[in-house]
Amino acid sequence: MAEKFREQAIIIRQEEIADDIYSMWLRTEHIAEYAKAGQFISIYCNDGSRILPRPISICEIDKADGALHLVYRVAGKGTQEFCKLHTGAQLTIVGPLGNGFPKKSQKAFIIGGGIGIPPMLQLAKELDCEKQIVLGYRDELFLVEEFKKYGSVYLATEDGSAGTEGNVLDAIRENGLSADIIYACGPMPMLRALKAYAIEHDIECWISMEERMACGIGACLACTCQSKNKDEHSNVNNKRICKEGPVFRAREVEF
Amino acid sequence: MNTSVNIAGVTFKNPVMTASGTFGSGAEYSEFVDLNRLGAVVTKGVANVPWPGNPTPRVAEVYGGMLNAIGLQNPGIDLFIERDIPFLKHYDTKIIVNVCGKTTEDYCEVVERLADQPIDMMEINISCPNVKEGGIAFGQDPKAVEAITREVKKYAKQPVIMKLSPNVTDITTMAKAAEAGGADALSLINTLTGMKIDIHRQQFALANKTGGMSGPAVHPIAVRMVYQVAQAVDLPIIGMGGIMNAEDAIEMILAGATAVSVGTANFTNQTVTTEIVDGIEEYMSRYGVDDVCELIGAVHE
Amino acid sequence: MNTSVNIAGVTFKNPVMTASGTFGSGAEYSEFVDLNRLGAVVTKGVANVPWPGNPTPRVAEVYGGMLNAIGLQNPGIDLFIERDIPFLKHYDTKIIVNVCGKTTEDYCEVVERLADQPIDMMEINISCPNVKEGGIAFGQDPKAVEAITREVKKYAKQPVIMKLSPNVTDITTMAKAAEAGGADALSLINTLTGMKIDIHRQQFALANKTGGMSGPAVHPIAVRMVYQVAQAVDLPIIGMGGIMNAEDAIEMILAGATAVSVGTANFTNQTVTTEIVDGIEEYMSRYGVDDVCELIGAVHE
Amino acid sequence: MAEKFREQAIIIRQEEIADDIYSMWLRTEHIAEYAKAGQFISIYCNDGSRILPRPISICEIDKADGALHLVYRVAGKGTQEFCKLHTGAQLTIVGPLGNGFPKKSQKAFIIGGGIGIPPMLQLAKELDCEKQIVLGYRDELFLVEEFKKYGSVYLATEDGSAGTEGNVLDAIRENGLSADIIYACGPMPMLRALKAYAIEHDIECWISMEERMACGIGACLACTCQSKNKDEHSNVNNKRICKEGPVFRAREVEF
């Protein structure tokens, strides 16, 4: 049984690294020690009018320092509250939650789209194989330098302001890239396209999915996704993104 | 100091239970909470066959609460009996199984399957739409409440708790109907029907359009209904609805509840249930209350 | 950009009104808010004679909201006509007078007195107990809703808004009853009945035991009911219930409301009404909405 | 029409001066300038779960510095929130609200009981007459030194730990005090006793009353008290404590 902790984390530092995109480092007592690439944590609001946790994926893990790096987009009142906090402020967090990415040795595509880019950084750091990192943005770039440390980075932007004009698959084609396994996180249309690409090229494909959550630990059945086969726990064709996921074999889930 | 309460002949070590649907069958929360410290675990609603539930999004946060439209996804009674009951039997707590269905026959089938199981009570969720009656919930029509209670009691070997819907004009008529049908206890409130709209996409926040509202926002409505029902019937009441801490739990007991169920609060604080157990004991020692039963319905003008 | 809306032939410069009972007749808030910027001022309920209201405490704060049991204290129709209407006539805003009563005759007397007054509409509060029918609220029985609407319409010279109670099993049956009785418009929701208990004194927080719950906590229930009623009847709807900001107001309009009333939020922020007027205009320009009427009921799946 | 303002006040300093009794100085833009002895302000919570203002009486007014002194008891979650705030923190406040004490020249009793003591300090400072200040406490004293600057102070404590054992009237009798006018704030039983005392001695008596409030400005009719005669505004025998009060002639109100 995976170890999970509820802690008062302390903000080491926070900065806005792109429009409405914030980078926050948190000091944790135990969570960083147990966290794996591709897992997430639940962050609780200090304001009593918001009672549900915000699931935020883990961008980097510094086990030596017991620190977690989170990069999130301000999407509502909860993240609005988080982004205003300064060094030393406390946040109640629970984690590590979900299952991370498997780490295989084949030549890999590490693909991130938009706010799906951050969770791929720790994986890029840990994977020991030939890494082709493909990052898709609307326009403004972030975390690119961090990714360059761990592999060759290819960019795609919707407005063509950097790299290939278009999406990550356009970048893959334009650069004539290929790989034997895909690890990806990003918007649904991107994940659908990558699933199709993986089937077409008959390669393994692991994707990290997102859904509205309540408990974050698998009890409430809010954040389900449809599974190809009957799930052992639910006894229906549904898997819990917070528990069986957020990382799934693309072939196993219908979306 | 006595913290144990008795409901329909079943003794609970303390009045703190989990609200159905928020706690699964306890496995996930057992990583945070010692289930042995709970008065009872009330499991997520189970039907005669597996239900896939609703499309997502299934939940939305609202001010001081949340909406849910899970659609009663459940693995069905067979796997539940094979897996969930044995899991809970490892703990020294009472087991209350919540039952849902689409027709009276569905309910009775599940209740019959549970009759010879080592569980302590059953809670019947009558907020489900009655598909044979045009989809109005059983719990919104007194005749339907009395009828389903009477039918279920024919098959039940354990005491039966009828869980009332708050989406009614007069909760006491529903309580009396359940009493007339032979209910052994009542639990209330189930969720209030709410809706949230995303003004930027101009779409419903939930795929199901409406959802059941829970959380501290609904607590005053729950306290009012528990008080009204306690005045209207002689059945023991399990009070629930937005209980976030010991103070809320004690308020519910003072209003007339013999026990309380804690639901949405588990999402905000994984260990809230045992904190409430401790908080009730602290309150009792602070005010010199020897027996928690002295607090039941003790509110006065 | 057009922000004006029309309800039963009355044109409002914008869809933002004040909720009856939270804004008096505007005098107190006029120290903070320019009443000329409001679509309408809906005055506190007035009866045929002065009412002293309930004993105190009359209010209690709850999580994300409040309970009130003011007891409809009001100075009576005579002083209201002599003082409050002339005060409001100094402003360029519409006047909607909320009417309360204990019997059908009470209501009709007030409506008749108002018939020749320079007001724009009347809003009938049918959540008051009908003393001749054992105290159940007019608004909780469809027959009573239809009957009181029909009676009031006999005396009314201005369009009549029937204000619906949310404490019912099916809000659409009440809306249809009001429509059948000849209502010109509907407003909803009135407050939800709640209760708070002080666990330290073990007493009710309100002298009246129960109170009407309002504030952001009830907003999702109000949005759901406005949406249901908009689907069920052809009458224009004034939506209210926990509107705290422009986002909440727009949500209500998207659900099907032609206008909104802002109530409890005035207690939290004295200038919230005009901030909502501004916020709706900002939303319209941001999304290129030329006419606010395009937003009415525009929610989709 | 009295000037009222909604402002973001800044905490100059705050300290606990007795068990659960806090002393807070606020810098205001306009409110201190217009405030009078006996008035109050509404303070709003920062936490969204609490939507109603907390009415807090004004203890001292420093017009030169644009500052208000508040002394309040932590009685619930709202005041719990306030007492945790530090220098520099902001609070939304509205005021000045209600009517203050009249200022007559007769020999005066300035009487405070419990948390009704603070609102009497500014009046003690402003009154220009012979002042006999009688303060009643349960046990722990606060603000006594401040009052001593403005008149002769007589104490009463329930446990007899200071001054007369008993209530303020016991102190008046024990010290053989008399006056021609009473100004008072405190618990209902004390105010009832003082009203009776004033009638018995046929002297003027002004009391400051308390009740649960919502709007704080006279619109919601929550904080009413019964009046001897029909009130001009309400047209019934009710007065609004936040608007016609909180200071009333004892003879005018029934309680």
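Just a few scattered comments:
Every chain is named by a letter (A, B, C and D) in the order it is written, and numbering of its residues begins at 1.
Keep in mind that, in the parts below, contacts are C-beta pairs under 8 Å (C-beta built on N, C-alpha and C of every residue); 3 or more make two chains touch, one makes a residue touch a chain.
These figures come from a predicted structure and were not determined experimentally.
Among the pairs A-C and A-B, the greater number of C-beta contacts is found at A-B. We define each chain's centre as the mean of its Cα atoms; on that basis chain A and chain C are separated by 46 Å.
Here the CA centre of chain B is 34 Å from the CA centre of chain C. Chain A and chain B have Cα centroids lying 35 Å from one another. Distance between chain A and chain D, defined via averaged C-alpha coordinates, is recorded as 56 Å. Contacts with at least two other chains are made by residues 63-65, 216, 244 of chain B.
Each of residues 48-50 in chain D touches at least two other chains. Taken as a graph of touching chains, this assembly is fully connected, with contact between every pair of chains. Those residues of chain C lying in contact with chain D across their complex are 21-24, 28-29, 31-32, 44, 50-53, 56-61, 63-66, 68, 70, 73, 75-76, 79, 215-216, 244, 264, 266-271. Only residues 62-65, 67, 140, 167-170, 192-197, 199, 202-204, 209-210, 213, 216-221, 223-224, 227, 242, 244, 247, 250-251, 254-255, 283, 298-301 of chain B touch chain C when the two sit together in their complex.
The residues of chain B lying in touch with chain D in their complex are 63-64, 216. Residues of chain D that touch chain C in their complex: 1, 4, 6, 44, 48-53, 78, 94, 211-225, 233-238, 243. Here chain D touches chain B in the complex through residues 48-49, going by the rule given at the top.
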